[in-house]
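Next come two complexes, and both contain subunit A; in the first it sits with subunit B, in the second with subunit C.
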Partner chain A sequence: MRTRALVGVLALLTLWPLSALAKPIAEIAGGSVLFYNDALAIVVRNGVTAQLANGLRISAATAYVDLRGDRAVFAGNVEIVRGTATLHADALALDFPGRKVALLRNDSGISQTDASLTALQAAPADGSAFTFPDFADGRAYIRARRAEIVSRTSIRFRPAAFPTSTGAPPVPMYLYTFAAGNGYAATALAPAAFDQPYGLVSTPNALTALHLRYIDGVGPSLGIEQNIIDNNDGFLAGSLDVPVHAAIDDGLNGYRRLGEDGTVSLGATTDDGYHQATLGFTQAIGTLVSRLNYGITNQGASSALLSLRTRDHRLFDGFTWHTSVNFGFLAQDGGVYPLAPSPAQVQTVWQKGLDVFVASPLVAGPLRTSLSATVDASRTDYSYPHNYNALETNVTGSRRLSRTMTLFFGYDTRWSADIFPNAQTIFYPPLSTDYGYAGYAIARLANIDVQYVQGPYTSVRLSYRKANDFPQVNFFAGRPPNEVHADFRIRVFPNIGFSFGRSYDFGWNGSRWVPGWNFSVFQ
Partner chain B sequence: MIKPLAAFVLVLAIAATAANAQTVPAPIAAPTAAPTAAPAAPTPPSNLVTYTGQLLDYRNNYVYFTSGDAFPAIELPRIIDYMTSQPTSVRPQAKMFAQATFDPATKKIIQLAITTRRLVMSQTLGPASAYVVVGSTPVPAPELVGQNVTGKQVAVVFEVTVPPTTNFTDSVFISTDSSDWNPTAIKLDRVDAYKYRALRYFASGTKFAYRVTRGTWNSVERGEDNLDTPPHQFFVREVDSLAARVTVYHWSDERGSSLGTGPNSIPTPYNPSPFGGGPGGIAVPQIPLRPTPPPGH
Partner chain C sequence: MILAAAALAVVLSFRVVPLACTADGLSISGGGVLRISPQGSCTGVVPGRAISVTLDDQTRAVPEKLDPASHPASELPAAAFSFSPSSAAAPEGKEVTITIIVAIPPSTPAGSDIFLSTERSSYNPAEIRMDQLDARRYRLQLPLQEGGRLAFRITRGSFNTIERDAKGRLPPPHIALGTAGATYTITVEAWSDDT
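This part shows the complex of A and B:
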């Protein structure tokens, strides 16, 4: 309960509306405000008025705004006013901070001033400042009447229509963020079949967004997320997820760069009474990478693991390898091994492990195929007499059938042995069912995919996966014996495309088949 | 009113951009220097300033040179053939060479001598700077130097090499700043075991930043040192096609060597629900769960 309360309080703290401090650097209105997301620019036609944060008021026939460059060009009967100072021109180019205001007059050429609009001086200025790209109206992503620009961060449209997407209804307001730091997109929400964020407010270092979600097996859900960003050096994301027919989930996700060679990250989630928190450090040491992870749950479990991994090294003929060693502990209230003779006496177990990974290069195979393979072997020893061994091999191939169609196939085998010397029957007692499982497992997965790609925006991928595991667990996290997936991607409008995935799991969890789907919109 | 003005400023911009390639500091020279090997120039009215260059455009009473300099002209300037000095009905066109003669009273071009033969062009404005309305840019934008960016569609091929630890069934995406950092903005098509590829078209002059993901920000690319890398920056130059090649050394949700290892990574009758990865790409150490006796035990 305390863990859940702590996570909830932290998540709520991040929801503190920092975004309310946002102040637009420019507010632009016009007969038609067209937003081009690929160029990050807006073009205003049929009359434009602009109010800048530095007090400048501008009116003109048309305008172009470069959102990435924080600059604008106004053209046609331009009037720029600040206080009692008024200037007229045929075209005007300026940066939003107002450090440089260039006016173009057909009769006298270019002159230059600043936001004070005084000391107008003739200047053979940079003509590229007057660049006015010729965007086609039909390629606009959003059409609006008014736009509020937060410098190098976001733009809010009121009202917003999506002319290239007939399926998207106009909305009273739409916030589009374009910050250089991708921390805006970090999320603490759990994955969903559909997740469409809807920005509410943003500042150069914060974003508040609603998420319209659909979670397979749960149903519709409404999430709210607050992100706090420090360029690309750090972020903190807090979320509340409110499914319609299930318990509220919340989460926290943070990351911070520590100098040139290190990072720290934290995470916390609550899910249907199960809460966990994690903390991780990564540090590069020469050519080695070290990681320290710590995790704790409200079920009385905790663990820490320090690992050291080499970079990939060349072996021979294109083969590469790397290895890692790790050291840590596992702890569980009441005992790590409940089936042990005296479980309460084993509440903490120390572990040390070694892992070796080898990858082959891509080689040409018969029948115009390409093949590659990997092998991963590991062993972990525990302070309580116990060791765990795993060997995983993977082969992946592809064959190009035509210019647009490719066949892929793969086979993955993972063997593992969970061994308790002289006590195997205690921890894996003989079963009366057909499992016959005694700590030795093998998981096999065969894939065959056909991919059809027609142009940049249209593709179809059909997949069949066959799992043959021992023991075969057809419930919880077990793998379905048979899966079929179909993924379609098509762009039906100039700026909007749809990606739709459909899947069927056969013979799993007591059902003949279990359907699943995912849907997303791409630009 | 709008379209001519928009076209006007566009042409000005093109003219100035074109100048980037040719504007180099040079000692002051006479505005006109008759080439010894070139044809004889017509005799301009005495004591008038002239400027010689290659034409980029002539419209709306403005003459634009490929040097990036633009001058106003009177309503009906005298158009003559450079070779014969006689009036000509040939209209000044792009790529022609021309010698402009200025009227100090109106500050405009009153005569334009044109030819298709190459002339020695004025290296600097010199006295003609008193007549120019758009001069060559003194400090061109670095990415535009030497380039004439027209906004044409340029094919950009994203080619991503993934680490061998990538699962066969995973999808790989490009996320860009202009797509609101949507982690599934551009889905890549698989080429072979280690390579993914996608083709997109961008207008030349477009700048964007991008990163590679496996569909969420919890599974994003990392550098060779397993630390987050800053977004890749890309500028679409004025060419027919470009390639954006990225090698992903690690994924942020890697655990150990591969994407999932440890005693609880495989569901068993005793442990049907392996401990999953935490948020933020944090590799969560294996926490023991209470074994669940299998059915029938």
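This part shows the complex of A and C:
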């Protein structure tokens, strides 16, 4: 309860109303305010009025605003007013926040002034400021009546309709964020089959968004997330799961770059009574990358692991390899090994491990296929007599069947041995059921996929995966024996597309079909 | 001789985006002002909507309905202007297709889907699933406005599997520009969940 309260308080702290600090640099209204998201521009048709934060007021027949360049062009019977000063022109170009104003008159060419609208000077060479692209109205992503622009941060439309998106209803307000920064990708919400953020308020370094979600097995859900950004150097993301269902999860996710070569990250989640927090550091040392991860839960468990990994090095003929070593501990109140003869005496176990990974290059195989392979071997020794060994191999191939269709196939096998010297039967009792395996496991997965891609608008991928694992017992170990996936990506309009995935597990725990799905809208 | 006469009879038209049309001239995107022919009229000229112009025998402009086959405004002769335009070419609002190719590290878990996460969705980590080229490369073709710009990142479908650089840091977003036929090749050095 204490952990949950702490996470909740921290998440609430990130919801601090920073939005009050963000003042629009310009407010623009007109008959039709059209937003083009890939050009990051708006075009206003059928009359436009604009009010700038420095007091300039402009009216014209049409306008173009380049949000990335922080500049605007007004055209057709332009009038610009500040206080008692008024100027008229055939076209007008200005920067935001309106310090440089250029006027174009058909009878006299271009002249320049500043925000005071006095001291007009001829400036014949400044025509580039009057660039006005011709965007088709039908390709606009948002159509609105009013837009509030926060420089290099966001634009808020009121009301907002999405003319090319049949699935998106008009909304009274829509906030579109275009501020740069790594942290806008950060989320502290748990994964969902569908997650559509809806921006509420933003500043140059913060965004508050409502998330409309659908979680498999749970149903529709709402989340509120706050991201605080420090350019590309750091972020803090806090999420609150709105309790519209029984399973509630809140979270916190943070990252900061430490100097040129290091990072620190933190995470905290609370999910249906289970709370955990993690802290991690990375530091590049020459060509090595070191990581230190520490985790703790409200169930009395904690762990720390320090690892050192090389980069991929060339071996021969295009083969590459890397290796990593690690050292750390596992701790659990009441004992790490509940089945040990005296579990309470083994509450902390130290571990050290080694991993070696080798990858082949892509090579031409028989029947005009392209093949590649990887091998990964690892061993971990524990201070309590125990070692864990694993060997994984993978072969992946592809063959292009036509200009639009490609076949993929692969085979992955993972062997592992969980060894307790002289005590194997204590930890893996010889039961007559599938649960009674002796600590040696093997997982095999074969897949075959067909992918059809028709230009930038259509893509379909069908997959079949056959798993043959030992042990293979639902909710205990192994994977569903059979899985079928179908993924579609269709762009129904130039700037709106849908991605839809459907999967079925079958022949698993007596169920004929276990469906799953994912869905996203993209632009 | 007949061919030469036929060529002379062809009237060239030019595509312009008008800013304002008055008796003094026709100002266009790029800041130039075209001289208006007595045969021409400002009727039907809407500021901000592309039109075509033809030139009379004194290289004065005659506004007309947009002809898709018109030449770009940059080919207008200097003599047509009463005030010369900037040399900067204005984007024409066309849609172009760009290609993004992503090379993934060999240690990427087998069977992973690779996604493009863009600024358009506030970096939804599972925004657009990429198409697979072979075991180590993925590709996505995207329509983009000519002259547009798109910031994006690569993920395996969640923020916990977003790309990292060789030093383990979150790299700044990649930038793609709306240039016809442009191809951007990205190499992912590592993933956030690498051990």
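Definition applied: the second predicted complex is superposed on the first by the 512 of 523 C-alpha atoms of A that agree within 3 Å, B and C clash if a C-alpha of one lies under 4 Å from a C-alpha of the other, contacts with A are read in each partner's own complex, and residues count from 1 in each chain.
Throughout what follows, a residue touches a chain if its C-beta (ideal position, glycine included) is under 8 Å from a C-beta of that chain, and two chains touch if they have at least 3 such contacts.
Not measured: the values here are computed from a predicted model.
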Query: Between subunit B and subunit C, positioned on subunit A by superposition, is the outcome a clash or a fit?
result: clash
- prompt: Does the superposition put A:L266 against subunit B (first), subunit C (second), both, or neither?
  reply: first
Message: Tell me the contact category for A:R291 with respect to subunit B and subunit C: first, second, both or neither.
response: both
- request: Return first, second, both or neither, reflecting whether A:Y428 touches subunit B, subunit C, both chains, or no partner chain.
  value: first
- request: Pick one for A:A136: touches subunit B only (first), subunit C only (second), both, or neither.
  value: second
Query: Of the two partner chains, subunit B (first) and subunit C (second), which one does A:A209 touch, if any: first, second, both, or neither?
result: second
Message: Looking at A:Q276, would you say it contacts subunit B, subunit C, both, or neither? Reply first, second, both or neither.
response: first
- prompt: For A:L330, is the partner it touches subunit B (first), subunit C (second), both, or none of the two (neither)?
  reply: first
- request: Using the touch definition from the top, say if A:Y388 reaches subunit B (first), subunit C (second), both or neither.
  value: first
- prompt: Is A:P471 touching the first partner subunit B, the second partner subunit C, both, or neither of them?
  reply: first
- line: Chosen between subunit B and subunit C, the partner touching more subunit A residues is B
Message: After overlaying the two complexes on chain A, where does the subunit B footprint on subunit A coincide with the subunit C footprint?
response: 37-40, 45, 61-62, 68, 73, 75-77, 90-91, 104, 106, 109-110, 124-128, 130-134, 177-178, 180, 182, 184-187, 191, 197, 232, 253, 255, 257, 261, 263, 282, 284, 289, 291, 307, 309, 311-312, 320, 322, 324, 326, 355, 357, 359, 362, 370-372, 374, 376, 394, 396-398, 406, 408, 410, 412, 447, 449, 451, 453, 455-456, 459, 465, 489, 499, 520, 522-523
Residues of subunit C touching subunit A in the complex: 17-22, 24-27, 29-33, 46-50, 82-88, 90-93, 95, 97, 105-107, 110-111, 113, 117-129, 131-136, 140-145, 147-151, 153, 155, 158-159, 162, 166-173, 178, 190, 194-195
- prompt: Okay, in this complex, where on subunit A does subunit C touch?
  reply: 36-40, 43, 45, 60-64, 68, 73, 75-78, 90-91, 104-107, 109-110, 124-136, 139, 177-178, 180, 182, 184-187, 191, 195-197, 199, 207, 209, 232, 253, 255, 257, 261, 263, 282-284, 289, 291, 307, 309, 311-312, 320, 322, 324, 326, 355, 357, 359, 362, 370-372, 374, 376, 394, 396-398, 406, 408, 410, 412, 445, 447, 449, 451, 453, 455-456, 459, 461, 465, 487, 489, 491, 494-495, 497, 499, 501, 518, 520, 522-523
Field: subunit B residues within the subunit A interface of the complex
entry: 1-2, 5-6, 8-10, 12-13, 15-17, 19-20, 68, 70, 72, 129, 132-141, 144, 151, 163-165, 168-169, 175, 177-187, 189-194, 198-203, 205-209, 211, 216-218, 224-228, 230-231, 249, 256-258, 261-263, 266-270, 272-274, 278-291, 294-297
